[in-house]
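Look for subunit A in each of the two complexes below; its partner is subunit B in the first and subunit C in the second.
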Partner chain A sequence: MSAHLEIRNLSVAFRDHAEERLLLDDITLELGRGEFLGLVGESGSGKSLLCRTVIGLLPSRRLHVTQGSVRLDETEILGREDCIRGRRIGMIFQNPTSHLDPVMTIGKQICEGLALHKGLGPAAARTEATQLLRQVGFPDPERSFSAYAHEFSGGMRQRAMIAIALSCDPEILIADEPTTALDVTIQAQILRLLQDLRAARGLSIILITHDLGVVAQTCDRIAVMRQGRIVEHGEKRALLAAPVHPYTQQLIASHPSLSHAGTEPVRHKHDRSPVFEITDLDVTFPQGGGLLMKRRGFRALKAVSLKIWPGETLGVVGESGSGKSTLARTILGLNPASAGRILFEGHDLTATSAQLRRAGLDRLRTGAAMVFQDPFNALNPRLTVGETLAEVLRHRGETPPAEIENRAGELLDMVGLDRAFAPRLPRSLSGGQCQRAGIARALAVNPRVIIADECVAALDVTIQAQIVALFRELTEKTGLTLIFIAHDLAIVRNLCERVVVMHHGEIVEDGPSARVFARPEKPYTAALIAAIPDIDPDRPINGGIPFPSQQEFAT
Partner chain B sequence: MTRPAHPPLRPRLSLGLRFARRPMLATGLCILGAFVLMAVFAPVVAPYDPILQNGDITLLPPSLAHPFGTDNFGRDLLSRVIWGARIDLQIAVIGVVFPFLIGTVAGTVAGFFGGWVDASLMRLIDVVLAFPFLVLMLSIITILGPGLGSFYIAMALVGWVSYARLIRAQILVLKTQDFAVAAQSLGFSRLRIMFRHLLPNALAGSLVFVMSDAVLVLLNGASISYLGLGVQPPLAEWGVMVFEGQGFLNQAWWITLFPGLAIVVLAFGFSLTGDALADLLGVKE
Partner chain C sequence: MHRYRFVLFRPLQLVPVLFGISVITFLLVRLIPGDPARILLGTRATPSALANIRTQYGLDEPVWLQYFYFLKNLGAGEMGRSTLYKVDVLKLITTRIEPTLALVGMGVFLALLIAVPFAALSARRQGSLVDHAVRLVSTAGLGFPSFWLGAMLIIFFAVRLEWLPVSGYGETFREKLSHLILPGLTIALSLSAVLTRTLRAAMIAGLASDVATAARARGMPESRVFWRHVVPNALVPTVNLLAVNIGWLIGGTVVVESVFAIAGLGQLMVRGIFTRDYMVVQGVTMTFALATVLINFAADIITVTLDPRIKL
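Then we have the complex of A and B:
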């Protein structure tokens, strides 16, 4: 059987008047007919660039194909991508929000492709589009046809984008990180949809992702990319069972679904008073309203009660919009609470007396620190790493001025950054290094509690594993209390001894991780756990559990 | 712990090479530098006294002895243009610095605090903007009495609004960024967050605007002097000189042309530098 899409010795270079850099280095890859190929690699490995080259959408004019060929059904398509883009190869992107036209209805956007590539008239296009919407899982395709992108949730938008890509009956579908921006349960649904589509339409699919778990469960073959090269490829079971290249081994080893260690039962005696004691916390954000209209509120947190004990590693999990970040910001005093009480080491942060509240906040500022999600955004771009640390140390006033430089160096040592990073600006660091600097800044406070809000979500898997290991080491060595907020349950299972599951602003389950992950009490928790992508290729998507029928609807 | 000596992080380019890569910046800075030198060394460079009148040589056309010619009082125009650089550069600098300082502080405070502080400052800006610029300037100067001092005060009172709006918009964006929230969560004071964390990240746009604003202020100063409310004769200032030459435009064009040219070239220097800075700092206008 000949390959459906064949890439031979493809190289792409970045050319500037000053330099030439090879971004794709001699790529050779085949996609069989009806095959589901997973392309795995970290950010910057060139996996997206490869697919963009195939459909002729190089992101910059300074990029040039220097050698190689791309053949579709044995016909060279390189340089003639216009004829195949959309018609024979469809593409879906990571962020459906920015790839859908916000002022055009979903239906119109599908019809556009139908009219262009298939020459359908308006009425026929509409019928066809409605059918497509049904096929990708819209519960009410007639109504969704005339809805706009903002009326849908992220998962539905991604479905709409798949419908657009399918509109011209492509033979090949390239999906560039289609589920990265989505919650796990939705991710599982989209992956299942891709599999169904392949079966129904005989599509060949290339799935680009950074998550080995995603490809392990969905694809037939896996290709691992690194620094513009394919380091290894092969049938998924063979590759996962016996990886040859050290990088693949490292990727597999750092996948969070594999290691189950580190979650010994709660070892704390609760005879000490809790660090945080949260009672019936309510947070309401004003929403809409205006001069004459009555303001409505959106309840982000509903009567949340929680006790956090000293030395504990607590994971807070939930899907986007479940209120976990709001909880973090509110207990750190960055968000006003609408009702309820927050005690930090016995000091009331929600006291009515401004003086008491002030005292509580002062204590909080010296005892708790936060690590943020986006490592680049969390550091002041104009201050070097050293200056950032020195500022905190100086502000705390515990370190004598002469010692500050040395102490900043020690903090860098603690987070595993070389001291040579001190004079560097955040923009010259990688994401992982930035995040380490962010953690060093939190440690500079010399806190008793660290609240980490999705602090590994933006990082590559291997870096994620390193940061998680760093947190584990810090909590074990220093007896730090860690509140670790994440949507990735696998990481929480690895790191935390107790887990709190949030859903729609409420705590639905709270218990030791070992117990919660083994025997979840609530169906929502069970659904979340089932949706974790597993690196075991024989485990079906979503643990084989059928999805609850269409949870999400157009608003 | 401020940037200790470590191996350089980027290959350092020599100053000459860096300028060679940015011809716009190099040209702009050269023009500005030439004017500054001219102003500083005016007594040395200028061939004649700029104020001394000489009835024997009135309205001479440009010649070797008087390259820019002489005016109706027999003063050497080249010397007057050179001495004029002193006053005009002063106008451009002082006329920009105070509005910039006031506007920056006002904009930072408004953007950071929001609420009623922001609302009242913004309304005040609306009031200032509601009047035509020149009319407002003229009325303030008339009240204070003509002279350069009044011009600077009027400039400061009117000119800050553009800086305030520019900076406020930047601060509004920056204050929701994680590093600002982080600073807050670390318990830094509001002053520190505003001026150490937010402002340096917001300044790039205004610095570029300063350059183009300097051009406008220079022209304003010239027009105010032209209207008789700024620099008073016999002091040499380019705007005043253009005004004085107006009556002789038919007989002696050079009286008007050369100071006018000086204004144009200096303005060109400022805007070149401004554009190059925008490029350098990554500000898109």
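Then we have the complex of A and C:
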């Protein structure tokens, strides 16, 4: 059988005046008819660029195809992408929110494709569009037809984008990180939808992702990309079982897996007083209202009670909107509590007396530090790494001025960053290096507690593994208390000895990681664990558990 | 349709705003130096005649009482008698409001007519010669004062080419229209300079946006991507910009109406100030303020219609 899509010796270069840099280097790849191909690689590996080249949408005018051919059904399409774009090869993107037109109804956007590619009139297009919406899982397609993107949740938006891509009736669908911005349970649903669509419409699908777990469960074949080259490709079982290329081996080793044993719980002496003691914490965000209208509120945290013991590594997991970040921000005093009590080492951060509260906050600021999700935005872009650390040390006033530079160097050593990085600006660092600098800054206050809010979510898997290892080393060496907030359960399983599961602003489960992951007590926790993509190719999507009937809907 | 609920509630919020406007204009007008009674009767008026006039217009009452009468009369639909025209100010305003409204409308219409195509041309060929020319002209357009621009337009189109009337307003619709083109253009040229720049920036951002990429990936032709996806998204900030500029625009009519001798509110305002006609200045200021508030209200309705995400 001939290949559906055949890429031969394709190279793409970035050309700026005299300089020429090869971004895609001699790519040869085939997609069989009805095949589900997974294209895996880290950021900057060229996987998105490859697909953009295929449909002729190079992201910059300075990019040029220097050699090679792309054949669709044995017809060369390179340079003639206008005829196939949308009509024969459709594409869906990572962020449905920014890729859907916010001021045009979902239905109209589908009809647009139907009118253009199939020449349907308004009435016929409407009927067809409603059917498409039903096919991608909208429960009330008639109503959703005239709704706008912002009225839907992230998962439904991604379904809408799939429906819009299908409106052109393509033979090949390229999905560029379609589930990266989604919660795990929703991710599993979207992956299932893609598989169903392949079966129903005979689509060939290329799935671009950084997550080996996602491809292991959905694809037939896997191609691994690195630095613009395909380093390895083959049937998924063979490739995962016996990876040849060292990079593939590293990628597989870095994948946080549930089947690997995590950290064994360390016995804690609970006779010591807790670092944080949170009682019935409520946080309500005001919503709407005005001069004449009644104010309503959104309860982000509902009567949360939690004790965090010294030296503990606590993972807080939950899907977006579960209140895990609000919890972190509130216990750090970055967000006012609406009700309840927070004690930090016995000091009341929610005391009614301003003086007591300030005393508590002072203690908190010298005893706790935060590491943020986006390392680039969290560091001052105008300060070098060394200056950032020196600023904190100077402010703390515990290090004599002459010692500051030396101490900053020690901090860099602790996070495994070479001292040569001190005079460099954040923008000249990679994501992983930058996050190390962010951790060094947190360590500069010599904290007893570190709160890390999704601090590895923006990083590549291999880098994620390194940062997790760094945290493990720090907590083991220094007896630091770590509150690690993440949506990725597998990472938490590997790093934390205790885990708290949050859902809709409440703690649904709290216990030792080993126990929670092996025998979850609550159905929600079980559903969350089942949805984690695993690199075991024999494990079906969502652990084979049928999906609960559509949970996430428009308000 | 609850997104439009603000249409019901917003007018209630306007009440305190209008009250504030009335207090401020009332007080400001009274801070203007000069004695209105003396201006009315001339410098050789007898003291008793002056006193009579003051009693007749209530100028001898305490300020707070004058304000009370002002409010009471306003409630009854009277804005006080103009000392110059000897008629009720409300009546003056109703006869003078039409040319001003028509002028502002013409100005905005022509400005959009100029700005949208030029911004589109410029944005779609970013970095080209056309783009540079549009940007240069729109920057220059910001620098020309409207009294100079108006005079130049008159010299060129009305005096040299004799295409359009020099000044005044007309009687019939056609006459009015032809009289409005030059003054409308005067307003439009400076307004379109601001609009073109904002629209161009919004369109360039839109062309590079994910929405446009996704539309292209569906095989949409570039013109459709632009007019159906980029332009509607770019219009939202533009409407807001127009609303913000509307106060400036109405103020601009004062100058333009003087240059083109159009008997509108702006001209009435100027004459009122020079003759210390308190009631006229007060009435016109209130009208301008009310117009600004109402136009912003209308802009809110348009924004909500254009962008379904916005809730007010």
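Please note the rule applied: the second predicted complex is superposed on the first by the 549 of 555 C-alpha atoms of A that agree within 3 Å, B and C clash if a C-alpha of one lies under 4 Å from a C-alpha of the other, contacts with A are read in each partner's own complex, and residues count from 1 in each chain.
The rule we apply is simple: contacts are C-beta pairs under 8 Å (C-beta built on N, C-alpha and C of every residue); 3 or more make two chains touch, one makes a residue touch a chain.
Just so we're clear, the structure is a prediction, and the values are computed from it rather than from any experiment.
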| item | value |
| --- | --- |
| Simultaneous placement of subunit C and subunit B on subunit A, clash or fit | fit |
| First (subunit B), second (subunit C), both or neither touched by A:382 | first |
| Subunit B versus subunit C as contact partner of A:145, first or second or both or neither | neither |
| Spatial angle subunit C-subunit A-subunit B, Cα centroids [nearest 10 degrees] | 40 |
| Which of subunit B and subunit C A:161 touches, first, second, both or neither | second |
| Partner chain in contact with A:112 - subunit B first, subunit C second, else both or neither | second |
| First (subunit B), second (subunit C), both or neither touched by A:471 | neither |
| Touching partner for A:420 - first (subunit B), second (subunit C), both, neither | first |
| Subunit B versus subunit C as contact partner of A:36, first or second or both or neither | neither |
| Minimum C-alpha separation between subunit B and subunit C after superposing on chain A, in Å | 9 |
| On subunit A, positions contacted by subunit B and by subunit C | none |
| Subunit A partner contacts - residues on subunit B that touch it in the complex | 1-4, 6-7, 9, 177-179, 181-188, 192, 196-197, 200-201 |
| Touching residues on subunit A, where the partner in the complex is subunit B | 329, 332-334, 361-362, 365-366, 368-370, 372-374, 377-382, 384, 386-387, 389-392, 395, 404-405, 408, 420, 422-424, 428, 438, 441, 445 |
| Residue numbers on subunit A that touch subunit C, as the complex places them | 55, 57, 82, 84-87, 90-91, 93, 95, 98-104, 112-113, 116-117, 148, 150, 161, 164-165, 167-168, 288, 291-293 |
| Parts of subunit C lying in touch with subunit A, wherever the complex brings them together | 9, 12-13, 209-211, 213-220, 224, 228-229, 232-233, 236, 306-309, 311 |
